[in-house]
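All chains are identified by letter, namely A, B, C and D, in their written order; residue positions are counted from 1 within each chain.
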């Protein structure tokens, strides 16, 4: 069952990323991505990280991608942009993809055998994560507040309409 | 010592940034200069706390945040950087129509990102600090909203920066996978113990270096640099050319120094790669700079080349020389950009080489100080630039990196051509048209003199600073 | 149980696809989406390793990375909007005022 | 009394600072006073220090004044410290003494220049840098002066930058110097590794203590010598000097006669233990010196520009100094440096007053018969020419003889022969210069002729003083044939320069050598006399006898035709060929070629900078892939 779920999700996920690459409409791209991220949430759930799985779906699929879709609708381009048409670029991209993939697999191959998949149950519950966030990870947590201020200020400065304009 | 004091400098800076944002809403347009003054006051207060913390080794958050002498020293030079950048910005933002309080606010947020990065030994914290710095930087690059070049710089910086960040994160993930930790010290321990998964850890470290290679702009991860530097508002370019670069080196120092020192066999590969990158960076940066006619682009390529020299210092494992070089570099580079900014008036910047014809006589102070900064960048005695290069190269020679040093010396020989070209234009070319600039810019002239003082002080009487630096780098031992 | 190596391979696939999409796609928004895919690949790797380590540190890191991604998205989309207002285009090859 | 010697460099430095800041607003009179006085004060202190030095015992040499600690890096440290010993005392005296006279001369020469204060600022700055170079007690500080004079030479040569050629010449000087400096600094790095200190005393004790092997010594010595070839204009880095004549003439006198170009010789003498240890490096020095001496002398034969003749002559004379150093006669090399400073600056300054008189004319073909118009310049010029040609008993005779004798005594017959050949050429081209300029037919345009006048006293007085020293300066270093222990100069330098080869020659051989060198000098003068004084009466018959040759050369000027018609021999042909084909094409081409090929690669590389995010990402990706691949395999 788990295997089946994994392969199903994996196929959907990869397919939707491929869809994003092939499709020329940005709105579709964004929707493909929502799908891919939702699958990602499924993987997280499979990996005993239910809280992160939910976060993934709520924040990524729910918030970030909605932001994308908003912007896409604001821009509202009439004609879509297909991916690169030039032959050599595509072959090149394919080549790069294969090489990079082989490299990463070779890198991680050593880890395959030593990965222990028998994790403890109940791991990654909201309580555990919350407790860690406010103890061991308090500092990073505080930093994210600065990060969000920076993003907020930056985004507003860049796009707000001035009185004069 | 576990103490809340460790957090104070960061809090001050973030608080300052928030204050400025609030005040911005209440200040009238003509009073916006006060925002700069307020930021400077906060910087001074923060500097005061940093000085007080010297030798105290404060830490907080279970050691996630610590203020050892090295972080204090770096934090302090970042404060100086920001201080100088604020001074050169004051006139610029009103002349070039970027007049907004968020400018200072973002600058201070970027500073806080840098403070976070240098005062932690945890890769996650470093990454978050880097993102604070980067996200502020992306917006800063695009602040000249009417200028298409500025937004182009922002988008290039943003997209490529995120791309590089993804590599960085993946690198951290691999390191985590191999060592189950994000703490630098335990990662190094893992490397040292030579446990299994060495390869994954090695590649993780490699991808981490790639991500930071982007920040410090080394070849081949440098491609964004000239375009972003050209398009960003000039004071921000000055900031980019020193701030992110210095902080990138500070982090690399913390990671690579113990790695190269303690991990004998597997570090060979990274060592050789860094040698290659260093050579490429010096050669490519200096060669392309020869062809440029835009001052900002020349300085951009020059800053790429300097990253190459700085990498030599990392390879020579001589921390004092790296820190000293960075300190000098801040003064000479900001000084050079200040001189470039000086040549501007309302809605007009003079950035082409042609514009500099005869400037040396028309504006003797600008010409003279600019020449000193350029000579310092070229490594001429008795400026700080000479001494910095001298330290780095002699440290490298001690480590038997002679070929690297020879290439470095030759590369800096090439660099003389383009630095000299600017001086030749300033003093030996007749201007073919009138360049008229806004001379009423006290902050900028203050920066010119401070940088001049810094460059000469560090070149002639470096003693005290060196003692401080020596104390600072003992934190790494 | 599903072998964890499957997840790692999937993570590698996604990372590569993201990197290639960044290089192949021609509009700024989708290029940025490609970066998000790469970040998600890293997230998947983190969670997998966390599972293998039987610790939830990796999950918390992912939590932070998601935050970073959100922050990046906010600024990035603002910049893209800015570009669009100026040039009325988001084609990446139209963004080359500066070169050389 | 001697502990004030560290002030020597600082007085010009202060003066520079004042002139740089307030120069524009100060009156000319004050500027000239201050600039000259600063150098004069340094000169006085140098004299005082010299006297003090003579009274201290040899054991306490060198006197070191440590101002403050400058560089501290690991085990290595370098201080801002100066040292006084015979070698630096001699150099300081030459630099300040001759420098002072040139400052005074400049007051007259530059009187009407619009950038008066800038000129003196540079001049003082140059003096400062040169004094740092010669007085520093460690090699790092010496490098500061070494770079400093390079920078000043750029400023001074390019002083009249409105002239395109001047600006280019300045740039060329700077860059060629910088190439040498690159080798020099690498040499310094090696010193720092193997000695652990840059102090000259430490270097010397490391060498005498055997801490440096011969191989290392050769490596360091050769690297340093490459630096010296740049500064002292030796093959292959001499190309900047002839062009540098674009600068004001007093500058040529200062930089290219008395100070900067001698820096290399000073450095080699300072490091004499190193070069003694490394026989190979010393041989390189000697051969390069000898080849340069003869090569530059042949160059000088064909030049028509009065200053260019002097420029090549300088290169050639410095070659002699290096011959001295290379054969182990450092004292003789330094002695020649010292006498050369007088007569060469005399020649330059005299050439300057000829120019001044002729409204800036430099072409000898447009001069002639000037001796009756310039009654003061002519004799002083003549004294300089006699001195350089090596006629007894003027200064140049003693020093050149000392070098050649030592070369012979050390068994370097080939070097000696080249030196002798060079001596003939020297005498010939100097007297060619004299005859063309001051004798024979007057070939000036009437316009110019009207304005001929002796220059003002500010210019003539230094000439006279220099002429006086050109005559007597040699008497402090008499050769053995005139009696034992008369070589006071050599004895004075002995504490610094460890026993060189004593000339193990019999008195008879020594006499023979002296006679040979005097004879060749006279022959050179005689040939010049025949060609340029006698020949003008029979040019036409010559032309009639060699119509073919005449036809070959008929395009040239009157004097040039005779010149060529009578001298069509391998030397001249060769020298012209070398000048055209080698000097201009190959060496200049190499310098320019390096620049343009660097620029070409820059162009290719910037082609990758397309401005497209996609391409940047691609290069990033490729870089990352290669990076990871390297780590994997």
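The definition used in the following text is that a residue touches a chain if its C-beta (ideal position, glycine included) is under 8 Å from a C-beta of that chain, and two chains touch if they have at least 3 such contacts.
Keep in mind it's a predicted model, so treat the numbers as computed, not measured.
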Legend entry - Set of chains whose contacts include both chain C and chain A: B, D
Inset, instruction - Give the label of the chain whose average Cα location is farthest from that of chain D. - result: A
Legend entry - Rounded Å distance, chain B centre to chain D centre (Cα mean): 43
Legend entry - Centroid distance [mean C-alpha coordinates] between chain D and chain C, Å: 64
Inset, instruction - Please work out the Cα centroid separation of chain A and chain B, and write it as a whole number of Å. - result: 31
Legend entry - CA centroid of chain A to CA centroid of chain D, Å: 70
Inset, instruction - Among the residues of chain C, pick out those that touch two or more other chains and give their numbers. - result: 15, 18-19, 22-23, 26, 31, 48, 52, 57, 64, 68, 71-72, 75, 78-80, 82, 95-100
Inset, instruction - Indicate the residues of chain B shared as contacts by at least two other chains. - result: 124, 128, 131, 135, 138-139, 142, 145, 154-156, 159, 163, 167, 174, 177, 199, 203, 226-227, 291-292
Inset, instruction - Give the residues of chain A that touch two or more other chains, as numbers and ranges in rising order. - result: 96, 100, 103, 106-108, 111, 114, 140, 144, 147, 150-151, 154-156, 158
Inset, instruction - Examine which chains touch each other and state the graph shape they make (line, ring, star, complete, other). - result: complete
Inset, instruction - Show which residues of chain C lie in contact with chain D when the two form their complex. - result: 19, 22-23, 26, 31, 92-93, 95-100
Legend entry - chain A partner contacts - residues on chain C that touch it in the complex: 1-10, 12-21, 23-27, 29-30, 33-34, 36-37, 40, 43-44, 47-48, 50-52, 54, 56-57, 59-60, 62-64, 66-75, 77-82, 84, 90-91
Legend entry - Contacting residues of chain A [partner chain D, same complex]: 92, 96, 99-100, 103, 106-107
Inset, instruction - Going by the contact rule at the top, pick out the chain C residues touching chain B in the complex. - result: 15, 18-19, 22, 28, 31-32, 35, 38-39, 41-42, 45-46, 48-49, 52-53, 55, 57-58, 61, 64-65, 68, 71-72, 75-76, 78-80, 82-83, 86-87, 95-100
Inset, instruction - Please give the residue numbers of chain B that touch chain C in the complex, ascending. - result: 124, 127-128, 131, 135, 138-139, 142, 145, 148-149, 151-156, 158-159, 162-163, 165-167, 169-170, 172-174, 176-177, 180, 182, 226-227, 230-231, 291-292, 297
